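Look at the two complexes coming up: chain A is in both, with chain B in one and chain C in the other.
Up next, the complex of A and B:
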């Protein structure tokens, strides 16, 4: 069972390595008043501490599927933690119900779409996926 | 008596070990308690820390998102621990959660919290250097103390148990390895009899270890002790034996032994001491003194003891006892230190008696029973002292002619005479007078209280009378007499020697005085004696000084009227006295041996004269007088022959005249001497024949040639018929024996004619010539001798 899981992990890493050279960028709606965000502001929003933007708008963070290499690269580059750690973090918080994790989207395209459609939505994608309909407010360069 | 157990090793050891263990335990337990308390507190703090560790990540998440519910969950989780009393989760601006456990105690309830509260700063989960909150956790102090004490109790109990077990083990080990074997040894020691040689056995389990060595040591020691005891016992036994021996020697010693101090107190004495000294033991009981014995002179003994103690030198003292039987004791004192003397008493009564007897013998003349000279010497000074110098008369009595009696009749006859006269002498004296025989025939008589000549004279006359009584010996009656010399004390001598000398002077004077048989001492006698002595000295020098002269008295042939020879007579031409007659010096010379020198001189001179005559063609012979002292050794025949030979003379030229007395002392020797002379060719003349004590039988026994009839017969021959008969008999007898006869002392014609008639051939006397020097003799010879006619007669 473990062996299988390990194999799966190895195979799963292949596309991630392939995409490693690409920046992960945090995007918001073009209409949003915020143009630039700090790393802590991004962490606070994506890890449930607060959802209020500086413009006073409640942000709606979006998460890529757990199998997405961009999601792993995003959290890894943002907090230095692995996905399992991020998952354990959320496991503790979910129990009390005081904070909730970002909403799940199925792909980068959907994330792009949601951000483009919703003024409070905030998502992350590979730079190559960024369309002009969204605004990049934070960049995570490869390490 | 103390309980033996309390003195035992076990008890002591146990007490020591338990005490030591207790003290050590107390210290250790205290230390362990402190350490345990500290450890427990440290553990407690670590435990709290670990609790915080477990909640740290959750707290971080809760604080990050400020999730109160999660924080409260966390707090309640922590409070489930009993050690936690209160938990506070505090963010920067507000308290996120707080909780307290019911029934818990906190540090603020106790003044000094044993465990401090713990607080921890919680970091943001996404930023390692950003503090987002702090958790403060306070301990339950009661629980903390409970834990501490629980640990202390446990640890201490364990330690105490350990120590107890160790102490018990030590006690048991000591009991087993030390106490038990020692007790076993002790019990064995009590049960064995070391003196009988039994040995101590070491316990089996302890073969070869210290206990076994101790056993061996004890055995060795007991061996040594037993040996020492045996030696000691032997020594004591020996000492007892010795003491008994010495005691027995002391008790049974023949000598009396005592130990006394300088005051005469006796501390010890034996049986012999009591017997010897007649010591009255019972009367004086506990404090006997030497003075209790009946000493005659106790003070001498005490003096000897004092001297012995002072000088340390042995003292010997002879003491007499005042007992019925005469008893003499000798006491030898030895200084034994501490002012004490050891005395050995021995009975010397017998020795004293024999000493007394010997002394008695020494001072007594055996023959007469009188004292001897020594006796007199002892007696007289004492007597004078006891009589306080009372005057006394000392008589010396000498028997007349005793030598002749002794010589002619033998020593036993002399002894008889002595016995007889001594008893007569005793009869003449009082009891208080003292008699002594001084030697030979000389007696000393001490007349006490006699100081006058008259008193002494009466005694002397009585004695002389007694001596004159004839003495019967072997049916022969001997008439004797005595001479007495008398001296008085103190006028004639203040002590015995001088008194005796004075008496001797008087005696010798009495001897020479024919008229009186006793003489009193007179000082002039000393002078006379002095002269006598001087004369003697001078006489001894006479030959050397050529003062002797030889005179010749012719011997006439009465038939032919011619000189046939001469008798050589010695004279002394004294430088001051003139010509000394022979009577005055010959006896003097006889007293000493000087007569022998004179004899030789005479012989030599006579030989010279004979040689001279022979040279002158004169045929004469000389007769020479020989003294008794010269016979036989001082005048051996060889000497005379040698002398004659030297002068070229023959033996017949010389005749030797001897008197009868000459031969009496030793007849055998005298006779052999005479024979030798006659064999050599000398003629021997018997001088002074008819006087003295000799009998006619001597004429036969003595080998002589010529008899010279003594002048006393010739002198009275013309008047006394007896003498004439005697002379006639002598001549007849001589003729019968073939001897020639010379008549001495011829003084007148009458005698000549009588002698001729009797047939006497030769004569000598003043009628013809007195002794004359040689030159006169030569003249006389030339002149010739006139003889009366043969027919003339003086008898009518």
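Up next, the complex of A and C:
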């Protein structure tokens, strides 16, 4: 019984472990005139400090669902902050009308599709999910 | 059922059953979204100076000057002072780059009465520039905008030595622009407007719980600049305005009653108060550093205001421990009749432990120790106080 419970726990943990072990990459549309971004630039876009890419194009950042392990990994590796701290940060901006949070998508596949279809969209996904229709401009490796 | 009571119940139910996210719903081309915040706070006075100050039994700890929230010397737990519930709704016309936002707050310290704190329209001029008009928070302090949102604060209540003023909102217009300067993200905000406050909680602390006053800020002009890079953020603010205060009735110790005020208040003599502030905040790794200074000069007044805070904390996973010191000092302006021996002066030290229950809720426990260092002629002398507070905060 205990062995079965252990196996169930192991299988249940696989998605989280996979997300933790994989690179998280920031992606934009193939036609976007930006090939690389610095860590500060990515922070500025996803924390609502700036809404334009260096090329002058509007940036439309996308967030994965709050329960997504990739979202937690993305913010943890990018800012060193937990999701509680990121949510506290956004509470400050939302309730003061200073900025709007990134648009919410339901999955990495939806993020890929939106980026492939929209020159302004900018998302983050696990490297293993990246398709040729998008361009990687920043990488976050496992800590 | 009275409308006020119905609104209170609706707000409470909304807080209890709201989904923990900001959602948008499209109706006829208009996108509606809602969000909210809740703080349930409870405090216990542990000790301090026992005295009757105006019409209060002390020891007393002033948790929020602007709202007149005071923990006093009564026995037992005190629930109202830090408890509040806020709901915010936004209607957006995506194709017109225009939105309207309203935020209502019910406060325990006002017996749950609801006040409309924010009501403003936003027009997005460009990707990085927005113009807003209506009723907004006066951005005097770093945490002014979210002074009611407990989940976004590292304390159970803001350090009162710094966060205490007679007005917190204004009616007017502001324009905000975001840009990149080298490696820094800059946000520039300029504002103009007016404000008129009747029976400010701030003056109830100095003149009695049921005192009557009127404060007017005319021709408010100002702005703030925020520079951020990774974990470092600094904010500079300057605001000026014409200022006028009238006192109508105040507490009289001799008769133990409220009498018409003889205090002339602060006449509108055409001069401008000038408010200067700076905040330096850092969050490197698991460390948290908060600091803020404020200086207010009002020509014609008998004193100038100096206030500052400094806080250092560290995160341990979902736990956070923070120590904070804050200080207020009134500086007598002798040429205007100010008494150097009659100035307000107090310090507070606090220790706060926070635990994030979920990604959108926390529980905090805070120990405050306040020391009254006012001059020998200073009144009202609230004295020292030691306070223990516990709060549950949630955003949804």
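Throughout what follows, the second predicted complex is superposed on the first by the 127 of 143 C-alpha atoms of A that agree within 3 Å, B and C clash if a C-alpha of one lies under 4 Å from a C-alpha of the other, contacts with A are read in each partner's own complex, and residues count from 1 in each chain.
As a working rule, contacts are C-beta pairs under 8 Å (C-beta built on N, C-alpha and C of every residue); 3 or more make two chains touch, one makes a residue touch a chain.
Since this is a predicted model, take the numbers as computed values, not measurements.
A.B. asks: Applying the touch criterion given at the start, work out whether A:49 contacts chain B, chain C, both or neither, answering first, second, both or neither.
C.D. replies: both
A.B. asks: With both complexes superposed on chain A, which partner does A:66 reach: first (chain B), second (chain C), both or neither?
C.D. replies: Only chain C is touched by A:66; chain B is not.
A.B. asks: Chain A residues in contact: does chain B have more, or chain C?
C.D. replies: Of chain B and chain C, the partner in contact with more residues of chain A is C.
A.B. asks: Determine, under the contact definition given at the top, whether A:82 touches first (chain B), second (chain C), both, or neither.
C.D. replies: It touches chain C, and chain B stays clear.
A.B. asks: So, does A:95 touch the first partner chain B, the second partner chain C, both, or neither?
C.D. replies: both
A.B. asks: Which residues of chain A are in contact with chain B in one complex and with chain C in the other?
C.D. replies: 40, 43, 49, 79-81, 89, 92, 95-98
A.B. asks: Okay, in this complex, where on chain B does chain A touch?
C.D. replies: On the chain B side, the touching residues are 58, 61-62, 64-70, 73, 125-127.
A.B. asks: Help me check something: in the complex, which residues belonging to chain A touch chain B?
C.D. replies: 40, 43, 47-49, 79-81, 89, 92-93, 95-99
A.B. asks: Touching chain C in the complex: which residues of chain A?
C.D. replies: On the chain A side, the touching residues are 39-40, 43-44, 49-52, 58-59, 66, 79-85, 87-89, 91-92, 94-98, 101, 104.
A.B. asks: Under the definition above, what is the set of chain C residues touching chain A in their complex?
C.D. replies: 20-22, 35, 37, 86, 88, 101, 103, 118, 120, 122, 127-128, 132, 136-137, 145-146, 148-149, 151-152, 176, 178-180, 183, 185, 187, 228-231, 283, 285-286, 315, 317-318, 356, 358-360, 362, 395
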